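Next come two complexes built around chain A: one with chain B, the other with chain C.
Here is the complex of A and B:
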């Protein structure tokens, strides 16, 4: 036998062996996991991604997945780069029994990079606490879900909180508020809304940009603390910018109790590097910190105790981790909803989108899921892809975050909704989209 | 605070920050002098040294022991770089070595994250927020002492490399690898020494900046702050690194305050040093203290 024939024969044997050894593909629910375990934002990417993966692993180990259909996932490293996000998306969108069911880009810029592709491919994007705010209007953005709270709702809830602390909305008049923000589209996004609210309530607002990555803010804080002298400072950064803001506030002797960060500045990774400077620092949040929840106990029991954790065990219960668990809970529930309508089995992205538009996390349902106190009630629809917009405020006590507003703070829905519809209508006109009639959806 | 004091405060803050920029730039200068290559991995080395140091302290080591152990790690890195990266590339064009250091950056960052994790860590050496006042100027002790320590380190290194045989050997190696070898200069030893010293400088930078920002991946981004310093001060001059650092630090802080106060614009302090560097390149491409560029045509 010459070498060519040997090669052909060998290949045939190998293929035959593979055909015998590989089982027939079983149904699975495939969730691509774009993640960033490297780069400046690795703490966020690994924490959130790890939390979601741990939740899926727990469901697979405890229940065999969703109604017996296992959840499969595959990580793809984006390093928080939009170009890599597009690569990951294209590589993974057709994997699994019926393709990708849902994608969590884990970044606003990453979401923008694939927003239109995902809509075209009918794959829903779940953007938890980030993403495109006007995608709350599901009639224009059927495949984007900026749950549980979008950025604009957060901004109005912050003003509501400041009003509560000041003794009422009428006390807002005359207050001075500085807003220090990441000098990017993400950082600027809420500027117009703050200006609008300043006019509505009579407080003075000044915006202070900080260039990426935000390592040095001395000159900015010099103007904030020594010249403008605000009553409150709003911090809208990400990564190292957040902890630097806290440290510079301390150096400028600005009270940390009056420094109010957004939720992307409210993780352990934002507070710990600031050390004693962070004591008293406050941020918004849309879920609770800590591990004192039955769902976390189950994850520890079925995943970490078996050595199968997707993130270091000492990060279980951290802010990013719990955000990842919440993300997993929402995805799993959307799959259950979809199976109620389309039957038990593998699901397509289009079917999961239907599930995501029909979520109803009542207090009873949250309790059944072991997440009582961890998450707010959420109810989505074609009209509302946000699902509630409820916010709490947490404070760093030197070792951990603790919630300091027992009740959920409601955003100014009227103001936010009007802006969302205006922005979504503009997008629809630019892209030639005919909005769905939500009243006709079921 | 009136405007005069505001600018005075910005100037002081800028000079203190500038000294710390020069520390990062120094690591680049040392390696450039020895190999004629811009070490793209210097920022990653700062991150590696800082995170190793603080992680060892978290494991219970005394700071002095943690410091020594980290120095050992950085020397080991220098040996590995010389053996695996530099030796096979002897006499290759500088661009090849530069590309190799880009690859090295990813390896150093990835290895550090794999070993110590991605969670930022706290490094508090004394009270980082205690301050003293001079008139209306407000100066944080830790930054003041850090600036003095860095200045002392820069002076010591300048003396070491200008007044010793190693310093002369270093300049010869930078000029021409083959020629240096032919006159008996132990090229590989020089490289290990210089990369080790750059590793120690990275450790000092990691501690100083880690105390200011927390020890986290962003320390690797400090390299971006060092580039305009190098262009201003010159890639081959240790005093140039400190003068360049002071110029960049003071310039960016004054520009930030001026633009904000005058035009209501902020966020200029990141690009302003690059603007300064670009203008400087037009009139003096070798930098303030760099060696004059003479090409035979």
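Here is the complex of A and C:
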């Protein structure tokens, strides 16, 4: 091919690429998808992001979107870096018919990086099981939604579960609990709450930090298993640290049934590397694993069977994938709510924020969506951006996760709420924010 | 021809010692600065100013700080991000605890605090050199991150362990738009770059370079090693501290200590290696390469979206970026600044090379 022909061919390819990326003239609901498909946490980023995209693709293929308005999304690789997150956010916030409708940063550090920008630009942040805990107080953080369960609720629900297992709250007295955590702001976040609960219930708690990335836990486990000899071990890590904890527990012959991980330690990617050591290992979760749900069947039918999947087909039904589907369900429902109030059409971030604040997933509604058993009931308001805080516990049987608590476990709402309000008030004072009056909202 | 200096006579010592002795350099820089200060805010939109140019300028400053230490004084350091963290958290604490504190003064004081910390971690440089010193400065990186995470005082007992920047107001003017923040960053970076340029061509810079090239010989000709090395650590940490404060206050807004992890240190180190060790210009070129290129590749990848699978695209970005680093280091091991120097030599003769 001579250079002239090559130029023409190159130009044609470029034009084709441009034609595809040109914005559609019709209304659309634009959702930016910050994602990390590379780096140490890629399993989480690609699984959750892929699940959400698959759910959107299913809605578009089955119903033509939401009330006939298609959902559009565009990925932006953040590589789990806060500065890249800011760049992605600024690039995508004005795309679509009325700008970005909602953003899910998929990381606590990434959430901090755009928390204030999003509030200023009136774009709601949906942080499912991560993010800033005190953002649950919607009067100070109108645009942040740490939904379903936040970290503090999880800690209290864990104590509730341990009490159930031990035969009542009075049996907590005298128990020894070790908490092994990622030595970072994220890992330390719940420390004070555990200390407070230890005092309340009379159990003994000790905290064991592990330096990033968490591969070296030998000395820590010597201390835990030989010296402290706890009844329970709580594992609060992320990525490779989680499976290392499980393997070290096996090496120290600590019963895996007493090793209770948080939900970021409870995916297939955390259990499989530990091999047979992980059998019996338990973690919390706020949604069910597996693909035996009508909504997942629909996704397979409308998306994967047509070869349009956004993630490998064998990951459908995995923990991260289902978390992504749940995220998609919440976003779609918030958009439906917003359309009930503002009319059918393209939505702005501010309108979706209203929808997010008026979510009501009753059991009936969940059944209609084909997600019965997949997700807990959720009801949000201006006062409560979390929407429930219900948790289940799952156990690894060597091949898959199985839910072992039939009922949802309730967190200690009073304790958590008091701490959230204290922390949110401090943030408001530091930033000079006047909290909204939630009783005036409708 | 473009760079020919014939006809530019230096008739006094002052003119011979001028910061940019060649007229083309003077005018080029003047036009560049004029463009950066007036042209860019006129043509660039919020996205370009707020999320591309500001981080580029801030990282240039951090790279400049490390270049003073590693490129000029020859002391390898892996603690850059740690010193940036000191600057960021010091500014936060100064502003929160002393509300009357003007923000610019807080930046300077934070830089001085970072310089103090840098001085402390520079002490091992008096006894050890080279890679061993790199390991000693690695301790700075880990210690600082650990201290900021473990002691609630530094984050004002924030429940999430993060700091967030209060509104930036100087003399009653609120810097809340992308343009104003860009101009503020630009002003600080240009000022500090000017100071750095003058430092390295004066007695201090010459003693740094003497120590870098051979410390025994430097000692023989009367350079006091401990003062020179520690000064390099202090000045470098001052620059990094200010860069960290700008990073937290003018760019991210809310930061956790983990935003200043070891990867950040490596990132800055790669900037000066790719850009050019011992060159002010190299710090800027390296920062441009490391900060801007991935964003450019990512934007280019979006154009291809739909044709290529999303996960392939994400990894392709890393492959191309890595390939380009290897390419530039093979083509010019002395960094991008050296390429510019060669280009200048060529332009001097162009279009009639012999």
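Observations
Operating definition for what follows: the second predicted complex is superposed on the first by the 418 of 442 C-alpha atoms of A that agree within 3 Å, B and C clash if a C-alpha of one lies under 4 Å from a C-alpha of the other, contacts with A are read in each partner's own complex, and residues count from 1 in each chain.
As a working rule, a contact is a pair of C-beta atoms (placed from the backbone, for glycine too) under 8 Å apart; a residue touches a chain by one contact, two chains touch by 3 or more.
Note that the structure is a prediction, hence the values are computed from the model and not measured.
Of the two partner chains placed around the shared chain by superposition, chain C is the only one that A:310 touches, whereas chain B remains out of contact.
Judged by the touch definition given at the top, the superposed model places A:188 against chain C, while chain B stays out of reach. Measured by the number of chain A residues touched, the leading partner among chain B and chain C is C. Contacts of A:37 after superposition: both chain B and chain C are touched.
Applying the stated contact rule after C-alpha superposition, one finds that A:275 touches chain B and leaves chain C untouched. In the superposed model, A:115 makes contact with chain C only, not with chain B. Shared-chain residue A:243: touches chain B; no touch with chain C. Contacts of A:87 after superposition: chain C is touched, whereas chain B is not reached. Of the two partner chains placed by superposition, only chain C is touched by A:77; chain B is not. Contact with chain C, but none with chain B, is seen for A:423 once the two complexes are overlaid on the shared chain. 37-38, 46, 183, 209, 211-212 are the residues of chain A that lie in the contact sets of both chain B and chain C, per the superposition on chain A. Against chain C, the residues of chain A that register as touching in their complex are 14, 17-18, 20-21, 35-38, 46, 74-77, 82-84, 86-87, 89-91, 108-109, 112-113, 115-117, 132-134, 183-186, 188-189, 192, 209, 211-212, 310, 419, 423, 426-427, 430-432. Note for the complex: chain B touches chain A at residues 1, 6, 9-10, 13-14, 17, 109-110, 113, 117-122, 124, 128-129, 131, 140, 212-218, 220-222, 225, 252-253, 256-257, 260-261, 266-271. Contact residues on chain C toward chain A in their complex (touch as defined above): 46-47, 50-52, 55, 96, 142, 146, 149-150, 155-156, 158-162, 164, 166-167, 251-259, 261, 294-295, 298-299, 301-307, 310-311, 313-315, 317-318.
Those residues of chain A whose C-beta lies close enough to touch chain B in the complex are 37-40, 42-43, 46, 183, 208-213, 215-216, 218-220, 222-223, 226-227, 239-240, 243-244, 247, 250-251, 268-269, 272-277, 312, 315.
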